[in-house]
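Next up: some structures, all given as structure tokens.
Below, chain A partners chain B and then partners chain C, in two separate complexes.
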Partner chain A sequence: MTTTPPQVARPPLYRNVNVLKWVFQLVVFFIVLAILFWLANNYLTRSQDLGIPTSFDFLDQPTSFDITGADFSPAEPVRNAYLVGIGNTIRISAVGIVFATALGILVGIGRLSRNWVVNKLSTVFVESLRNIPLLVIMTFCFLGIVLQLFPRIEEAWNLGGLVIVSNRGVSVTWFEGTTVAALLGFLFLGVAGWWLIARWRRGVFERTGAPTRAGLLGSSFLILVMVTGWFVLGATVTTPEVAGRAVAGGIRVDPSYFAVLVALVIYTASHIAEITRGSIQAVPKGQGEAGSALALSGSQRLWFVVLPQAMRIAIPPIGNQYLNLIKNSSLGAAFAYFDLTLVAQITVGNGKPAVPAFVLALVFYVVLSLITSTFVNLANRHFKLVER
Partner chain B sequence: MKPIKLLAVLTALTLVFAACTSDGDSDSSTTEGEGGNGGTGDGGSVLEAVLDRGVVNCGTRDAFPGFAVLTEDGDHVGFDSDFCRVIAAAVFGDAEAVEHVDLETADRFTALQSGSIDVLVRNTTFTAARDGGEGATFLSVNYYDGQGMMVNTGDYSSIEEMQGAIVCVAQGTTTEGNAAAESARLGLDWEVRPFEDTDLLQEAFQSGQCDGWSSDTSQLTGFRSVYPDGPDALTILPEVFSKEPLAPAVADGDSQWAAVVNWAIMATIQAEEYGITQANVDQMRDSDDAAIVMFLTGATTDEEGNATTFDPGLGLPADFAYEVISQVGNYGEIFDRHLTPLGLERGVNALWTDGGLLYAMPYK
Partner chain C sequence: MTIDTPTLTRGFVARNWARKHLFRTPLDALLTVVFGGLSLYLIYRAFLFVFVNARWEIISSNLKLLMIGRWPNDHVLRVALAIAVLALWGGLIGGLIAGRQRAAGLSVAAGMSISQRVSDLVRRFGLMIATIVLLLLLTDTAGPWLMAIGAGAAGFAGYWMGRAVGARTLGKWMTRLGMLVLAAVPIVVYWYMVSAHPLGEWEGFLFNMTAATAGIILCFPLGVLLALGRRSKLPLLKWMSIAYIEFVRGSPLFVLLLLANVSLEFFVPASLAPSKPIRAVVTFTLFTAAYLAEIVRGGLQSVPRGQEEAAKSLGLSPTKQMFLIVLPQALRNVIPAQIGQFISLFKDTTLAGAALGILDLLAGAEAITSQPDFVGQGLIIESLVFVAFLFWVGSFTMSRESQRLEKRLGVGVR
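Moving on, here comes the complex of A and B:
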């Protein structure tokens, strides 16, 4: 004998939760769309009345300004200026992220150190820099350090003949006669060779028990490759020298770039330090104790047991700080650093329409942030705990 | 939800809306550009909006020696500030019926376009790109300037010696483009560094980061006069490498308001040509010269010899020129009050009768 399931009366449409969910979402969607449409329409009609162009044609007009530190002429179209600005933003963001992470993790570990001096220094670093607005830090770096502390070009500091420091920039001994890409190619070869050597030696170790000496062999191989590459490419060293009111030779680090980079690095590092400290403390104490039970030393415990687990927790907030750094790099515009924001500002100041110019900059920042957060999410997914 | 949570949410919402409306009120009382202003597509005219409001919103700056300086008493003092007062005196008969709105260089045209200011009197160069794409209409030039270069005394004696120099300029101005063009023209390979803030620029220049400071010569003279190390520490090089006619600007689309501002400015030049000063304007009202009397009071006689009032249809009161001269002064007096103490000479800014470029259109 079959039993029929009890019939459940379906609620009327206006009380049916599934229907209401969709209706509500659609209504909100259309309201948002309507607002955006009204804003755009308002802008377009008003601009038309005033005779202000609203298209992106300004990208093809000559820029009529110069960009320092780049191979750029005022006759080039605005789109090239934007490309230079984008390049500068990416450059300072990438370098800033690398240094800030390194410094931040070190300082974060330092805050948990049992060495009183290291502990106190790290605490002062973090607590002071976290509480000062970035623009103030940047102004201090530019006015205080670059303009006041660094000497005038006539009295430039010469550090061992390798580095010349003045308030017009820092010139460092560099190579010439070849490109960065070529040298990086050799570096890549050297590192790949090191990796292969390490694999080989690990195999040897497993078969015979002989020490791997992977570090020694690998690094000698890398040095060999780099030296060979240097001579093959015909690179030479250029040392900077003061010539009149400028510095000849070497590679010059723009003073604005230097000030903005230093400010971004120390500010973001202070935040990353706090994140690192918090995530180290979030690792269960038992892990560290298990490490000592296995006779691991303090630094071995940190490096092999605690830090890997702590970094797993720290990846999303550190990724957040990376996004902050990218956006904060736009403050460099106030200090004559030609990032994207400054290029957009000067473009508008020279008579190009404001809204399209800034919409373009906006879109780029969004794209860069999305790319960065995608990488961070990938890293997170790779490292996170996979639970059954 | 629980009553306490509901209360918290309602309080937060009330605070947010209270903040919004109070902002709206203060906006409408001071800038009110968005409201009744516009004159283009809004259906209203700028002159009507200004008359309703009772003050002229004049875009200016706050720390430019000689042209517009915000003093400790809260007054704007300077050449451009006085021309703001000229416009107010012409429209309202009261030179103080003006609201000086301080603007950054990068925002000045957007403020004009959006209507938050009625007129921009801010040492702005009249160029084709601004006349066209920026939605601005430029009026009678009130100062013919040129771009120059300022260096530490003794460093250079001519621009041509500045090979590979670092030149600092202000952002968002014609200066950057002109400096780049001049550098290319003479093959000097300058490094042009633009600063947003003039204080930062001065710091950079003083600390030796810049070899030269380039800007309009009038600006350089002004900044030189207040330089911390003294004006003699700086020299303005003799070369002038661009035309920088500085003129007031209004937003495109309202020719009546443009004419009002234009004739108010020209009244100061015409007054100097007639020899009318702040001191003698009252006597000049009863002058034998019918042209002067008509200019100052609008009183004239028609073909039959009957007394009548000349109304050119500008929308200004008949005696606007009298109010302008008696309350602010003629062009020469305004120049002498603010620019002569800096060491600027009339030069091309003299009247056309003295060989200069200032020429007022005939008021008839």
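Moving on, here comes the complex of A and C:
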């Protein structure tokens, strides 16, 4: 016997859920659209009334301001100033990320140390810096440390002839004749070699069980490549020297770059330290105990058993900290560091239209954030535990 | 059978402790010596600075400017009254919660003796109280002392009243009336303050605290809507929410504030273009909404599906399912994360000073170093240390409380 399903009458349109869903969405969409349209319309009419251009033509006009620390003439178009600003933002973010990660992981491990002094010192570092606004730290580094505690150029601190510190900046001994391209080329060569060595050694390990020592061999190869490259380029160094009222030679770090970098690094490191500590504590205790049972030493246990698993947990939140660091680097503008934000700010100050100038900067920050988070997601996928 | 235990002399215990915690291995000993020496040196320098070399008179002579900016002298009493009323209000709410918990047998404090409770309170808020006393010691008039004593008394009175009321069950209409009165208090206080000195001219630490509080409260409707939108199955809503959240989370607050500073009057009619502090609050609200949306989304994900299904089986409409069953649990689960967001906004309010030129605590601290009495004497370190200390005490206490709450809520444990 078959039962015919009861005939379902199609509900009228005003009670059809599918229709209602779309009506609701379209209503919300049009309300949002109307608000946006109202804002845009206000903007366009107001700009027209005041005679302010709304296009991006200003990018081709001459900049008419100088950029300290860059080979830049005010006659160049604004486009180039933006490129310099973008370069500076990337420069400080990349260096900051490297130092903040290293310091943060060290302090995070220190917070779990059995050594009382190290433990307490790390705790004080984290708990004090995490709870102070970054802008206060940055102001302190710039106005307090660099401009006030650092000596005048006549009394500059000379650290063994290698580093000269004064309130005009920090000058460090550097390899002479290196260009960024050559440096990056050798770095790439070395890292590629490291990767190949690691692959080769892993193969050996899987076949014979011999220790991989990939890190040791790879890093020595990298150092070898860098040293050879240095000899190929002439093997000279330039040491800083006080010459009159300036420092000659060496590589000079601007006061503002130095202060902003230090503040970004210690602030972000305090956050990364907390993440590292949390991730290490999140690794099941049995893992460390299993390491002990295999007679691994304390550092081996940390390096081979606990940290690899902790880093897997830590990658997403540390990636978030990288994004924060990139965005926070915009505060450098308040201390005359010529990053993208300051370029946009001064461009506006020189009579260029404000909205396009700032929107351009915002779009760049969003794009940079998206690129960084893509890399973090890739790393996360790569290191994620493959489950059944 | 007895076992001879070695007598644990004090010296033995100390040596044993040192061997275990300071000199386990040669590397450990090296770390102890290096970092111990460094810490001792830093402590010595900090001690020398704070108690000998620092010239704190730059702070004490500008304390009012740093705290409430250029608030008109005739109306300072209003600030004091507002603080006392808010203390009463906060005490009342705290007391109500404590009373309800006690009535439900959930109170942690009920099992404690008086001395335990006092030491618990001192551990939690001692730092903050000590800071307030320190600020009072820096003043040279009696007004602030009276205000602090009044506020403390009001807070206590509110707490006891709240506990008495919370312990008994009230009728439906009494509860509603009480809720309404409690909700009205901050609005009335706000109106009372603003009628003396418009919000557009608020400065000092008062601005930092007001902006952070206003930002975190005002962002709630938008943040919750964005979170719901992002989880919704309706594609258009979902994509609009994602676009907003990701754009705001990708852009630096500082640049958004700069943009708001120079260009808000382009987007809204001139009559609506607000003063600088209001611009800052609007930017904070729109900015924090995107972060709150992500927090609330996490909370929504943490509510088990069974809750929604149970609500459905009770015949609740989708709206009621969300707002009566799922959302309350979601918001409760993410209270610690919300406090974290509040702390971060509290710290970020200093950006308003740099971007919009508001004389907030940090900008004020920089400005006072160029007063005729103090210019060129290198007192920036004193004033920045003071600012950092105030922010630190606030954020540290709040983050401790949030950790405590996290443990008590048992997020992730149950």
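Throughout what follows, the second predicted complex is superposed on the first by the 310 of 388 C-alpha atoms of A that agree within 3 Å, B and C clash if a C-alpha of one lies under 4 Å from a C-alpha of the other, contacts with A are read in each partner's own complex, and residues count from 1 in each chain.
As a working rule, a residue touches a chain if its C-beta (ideal position, glycine included) is under 8 Å from a C-beta of that chain, and two chains touch if they have at least 3 such contacts.
What you see is a predicted model; the values in this text were computed from it and never measured.
Of the two partner chains, chain C is the only one that A:128 touches; chain B does not reach it. In the superposition on chain A, A:160 makes contact with neither chain B nor chain C. Look at A:334: by the touch rule set out above, it reaches both chain B and chain C. Shared-chain residue A:114: touches chain C; no touch with chain B.
When the two complexes are overlaid on their common chain A, residue A:12 makes contact with neither chain B nor chain C. Residue contacts after overlaying the shared chain place A:358 against chain C, while chain B stays out of touching range. In the superposed model, A:286 makes contact with neither chain B nor chain C. Of the two partner chains placed around the shared chain by superposition, chain B and chain C are both touched by A:345. Put chain B and chain C next to each other and count what each touches on chain A; the higher total goes to C. By the document's definition of touching, of the two partners only chain C reaches A:43; chain B does not.
Shared contact residues of chain A with chain B and chain C: 46-47, 143, 148, 333-334, 345, 348, 354. Of all residues in chain B, only 40-41, 105-106, 109-110, 113, 127, 129-130, 132-135, 164-166, 168, 171-174, 176-177, 179-181, 183-184, 190-197, 200, 203-204, 207-209, 211, 251-253 touch chain A in the complex they form. Across the complex, chain A meets chain B through its residues 45-47, 49-53, 58, 64-66, 68-69, 73-74, 142-143, 146-148, 152-154, 167-168, 245-246, 255-256, 333-336, 342, 345-346, 348-354.
Those residues of chain A lying in contact with chain C across their complex are 21, 24-26, 28-29, 32, 39, 42-43, 46-47, 114-118, 120-121, 127-128, 130-137, 139-140, 143-144, 148, 323, 327-328, 330-331, 333-334, 341, 344-345, 348, 354-355, 358-359, 361-362, 365-367, 369-370. Interface residues of chain C facing chain A in the complex, by the touch rule stated above, are 20-22, 24, 28, 31-32, 35-36, 38-39, 234-237, 240, 246-247, 249-256, 258-259, 262-263, 265-269, 343, 347-348, 350-351, 353-354, 362, 366, 378, 380-381, 384-385, 387-388, 391-392, 395-396, 399.
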